[in-house]
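Structure provided below as structure tokens; questions to follow.
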Amino acid sequence: MLEVRDLEVAFGPVAPLSGVNFSINKGETLGIVGESGSGKSLTAMSVMGLLPLSGGRITAGSIMFDGQDLTKLKEPAYRKLRGGRIGLITQNPMTSLDPLQKIGGQVDAVAMLHLGMTPKQARARTVEILGTLRIPEPATICNRYPHQMSGGMKQRIVIAMALAADPDVLVADEPTTALDVTVQAQIMRLLHDLVKDRDLALVLITHDMSVVAQTCDKVVVMYAGRAIEHGPVEAIFDAPQHPYTQALINCIPKGLSEDEHLTGIPGTVPTVLNYPDGCPFHPRCTRAQDICAVERPAVVPFGSGGAACHFAGAAP
Amino acid sequence: MTSITGTAARALAGFGSTSIGRAFGSWLGKIAGGFLVLLLLTAIFAPWITPFDYAAQDLTNGNAPPGWPHLLGTDQFGRDVLSRVIYGARTSLSVSATAIAISITVGMTLGAAAGYIGGMFERAVMTVVDLTWSFPDILIALIFVAIIGPGLTSTTFAIAIAYLAQFTRLTRAQIVRLKRETFIEATVNLGAKPRHILLRHLLPNAITPVIVVGMLAIGDGIVLEATLGFFGLGAQPPTPSWGAMMSSGTAQLFLSPWVIIFPGVVVAVTVIAVNLFGDELIRALDIKDRIRGA
Amino acid sequence: MLLRYTFFRVLMLIPVSIAISVVIFMIVHLLPGDPIDNLIRVGSSPDDRTALIAKYGLDQPLFVQYFRWIGAMFQGDFGEAIVLRRPVADLIAQNLPYSLQLGALAFLFSSIVGITLGTISATTRSAWVEQIVRGFILIGSTVPGFWLALLMILFFAVQLQWFPVSGAKGWQSLVLPVLTIGVGGVALVARVTRVALLDVRKEDFVTLLHAKGLPSRTILTGHLMPHAMLPVVTILALRIGWILGGAVTVEFVFGRPGLGSLLIRALGQRDYPVVQGCLLMLALAVMLGTLIGDVAQAAMDPRVREAKT
């Protein structure tokens, strides 16, 4: 359905993304996971074709969607896809909705634009979708303004907007990061049900490995703008190949006893301006050797996935 | 028609946001700064630079067009326009600078008090300030001068009062913003007295945007002083002022337009330079958002 | 919701109006000298003085005077001009239309041209267009009004002879004054519009609007402009006070009658009843402007309507 190959993105002279690879099919949930600054959101924006909004552009690679290469797509055609066949769910519901427009209108717009519906038809559809998303009294809500609702409700509205035109793919950029923990669980369950009921392809971007473990079928681990490991979730969690992936998994708190400590990963994520040479993770890697500082590792296939490490597969 | 809203708002419309603007902006700003320094030096060293005595009349040579030896021509009394313009700089710059300095001092005090004390006091002050702020600055100044009487001192105070509201608003906005910062909360929790907090922590942080807006206000002040001079309410003869020159030149508008054109050009260029330089400062210091709150 | 907001706003204006009227009232009494001298022509007979005292109750305590003054105002009596010996209300009624004419036209001109220019400057791809507009904004807001007026006269009236040099007859005499005021107004409005648009563009919800697949033009007109208009409307409303008084230099240079020049002349002649009347009108206009601005904001922004005043 959607396949990204060797994607590279640049903002002026700076190249925050280089070498992103993943693919996803209907009914699958793909998790893109990484720390802040790893390039996850940029990947989402690239797929949506929204890079120019912040001054970026795709410099290499391809994004194959249903046989078309989106990187070669002209804007008018892209616009048909955006919101129509690929829906975006953004991170911060508090600021994602136009405060000056009523909720109903904001969701209606999608159906009217992509499905050619009349306002009445669109409104009926909106109410229906809001109902599926378990929003109470959808008809009344349509006449409210965003500032009158809670974060969780707003995020459901955002999801409704993404769903209104019956897309094939949903790109969710950290949809629950800005929400309370209890609401997070609700939203994730909602997304899970949607994927199953509508046979959607969900690209879930998150920094939370535990969420990935619970909800995703496949996972791509990103670091410093590169996909450094990818594969089925069970395989990755059972036997992570890349040291970074291992470290991330170790960070998940698992019922600690009194003497155990929380583990972290020493060091910080490099900024775009100073990606290290060779393997980007080598300054923080426990297994780094000389070669890691010099040569950038290619992706070594492993099972149905792969890892970009010179020592992939070695025991931790 | 400059306005009080103009100064702070104009500060936000600087040249920074396009790539051409970025390249342009910084050298334009530097040229502007250079021009201002030149102007300042000219004003300071006026007695040594001016080719003629600015008050010397030569009725046989009245209304002479620009040329040699009077580079900018003469007015109806035969006085050299260039010399008068140079001396006018002294008046305009000193009056405006003094006025804004006063305005800032009083405005900051009032604004800081309002912002810090809050409550009814703040509301009362701000309502009064808001009302004055929407009055045209020309009108406030004119009313003040008309009541007190013309002259340099009253002009200075008139200008100071016209822009008082703006600095009060700006300072208050800064204080209110800073009050919420956690480091202030920490200082309070450590038991610091209000006066200490105000003087050592709030004011120093609030002062940067005020200074920069103050610079821009000096530009407005120059125009205001010229306008007052034009009405004959500013510096009295024989003290030359740009506005007064243009006023007396009006009668001769058709005969010797240069008497009006040149001082006006100087005023306009000066104020533009002040603005460009001020914009540059704002960009360099990165305080756009602090000014926004006012 | 909106009505309630308006109601409370108007309510809040009442104490302010009272305060302002007190201040204006006190002008006559705070100035040096006998207040009666401030209200009467120099060299009047003692009979005139007695008549005046009786008429305005000037021997009464201050607050009684104040209430009589207010009462008279509500009946349309603004006192009598010292110099011209005519009811102030008449003088104001005579001059106001000119100010309103000039002001309204300048306001319309500034708004329309200003918003257009500001939008162009914020949305154009051409860096040159943007710079040109920004340059114009800079020059427009810094040039002294009276100088611009003089230049206009010099060029358009004298050289080209297209428009009259001064006076207030016919539509031709409006053109140059409106343009002169307009330049400053356009600069202000264009600047505010531009900054507002640039700001809105960076907001989060705009990303989502694009993600929905909406075309740029729809996003601009349907979403960005309404947001940008919020500060613009506020500024425009506040300028309403300017319309009446801010044109004083232009009125002066072009020899047009108007509230501003009436006020200045009265100040020069120490004709305080006229001064008081004019100031009252101006204060009224300013307060009206603030009210309109606030209400317009509430009408356009649902968040404001809910906020506790």
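We call the chains A, B and C, going by the order they appear; numbering starts again at 1 in every chain.
Please note the rule applied: contacts are C-beta pairs under 8 Å (C-beta built on N, C-alpha and C of every residue); 3 or more make two chains touch, one makes a residue touch a chain.
Predicted model only: the values in this text are computed from it and were never measured.
Where touching is counted per the definition, subunit B and subunit C have no chain in common.
When chain pairs are compared by contacting C-beta pairs, B-C ranks highest.
Measuring from the averaged C-alpha position of subunit B to that of subunit C gives a distance of 22 Å. With centres defined as mean CA coordinates, subunit B is found 52 Å away from subunit A.
Note for the complex: subunit C touches subunit B at residues 16, 20, 31, 127-128, 130-131, 134, 137-139, 141-147, 150-151, 153-154, 158, 181, 183-185, 188, 191-192, 194-195, 198, 235, 238-239, 241-242, 245-246, 248-249, 252-253, 260, 263-264, 267-268, 279, 282-283, 286-287, 289-290. By the touch rule above, subunit A contacts subunit C in their complex via residues 48, 50, 53, 79-84, 87-88, 90, 92, 95-101, 109-110, 113-114, 145, 147-148, 158, 161-162. The touching residues of subunit C, counted against subunit A in their complex, run 203-215, 223, 226-227, 300-303, 306.
Contact residues on subunit B toward subunit C in their complex (touch as defined above): 1-3, 5-6, 9-10, 12-13, 15, 17-21, 24, 127, 130-131, 133-136, 138-139, 142-143, 146-147, 219, 223, 226-227, 230-231, 246, 250, 253-254, 257, 260-261, 264, 267-268, 271-272, 275-276.
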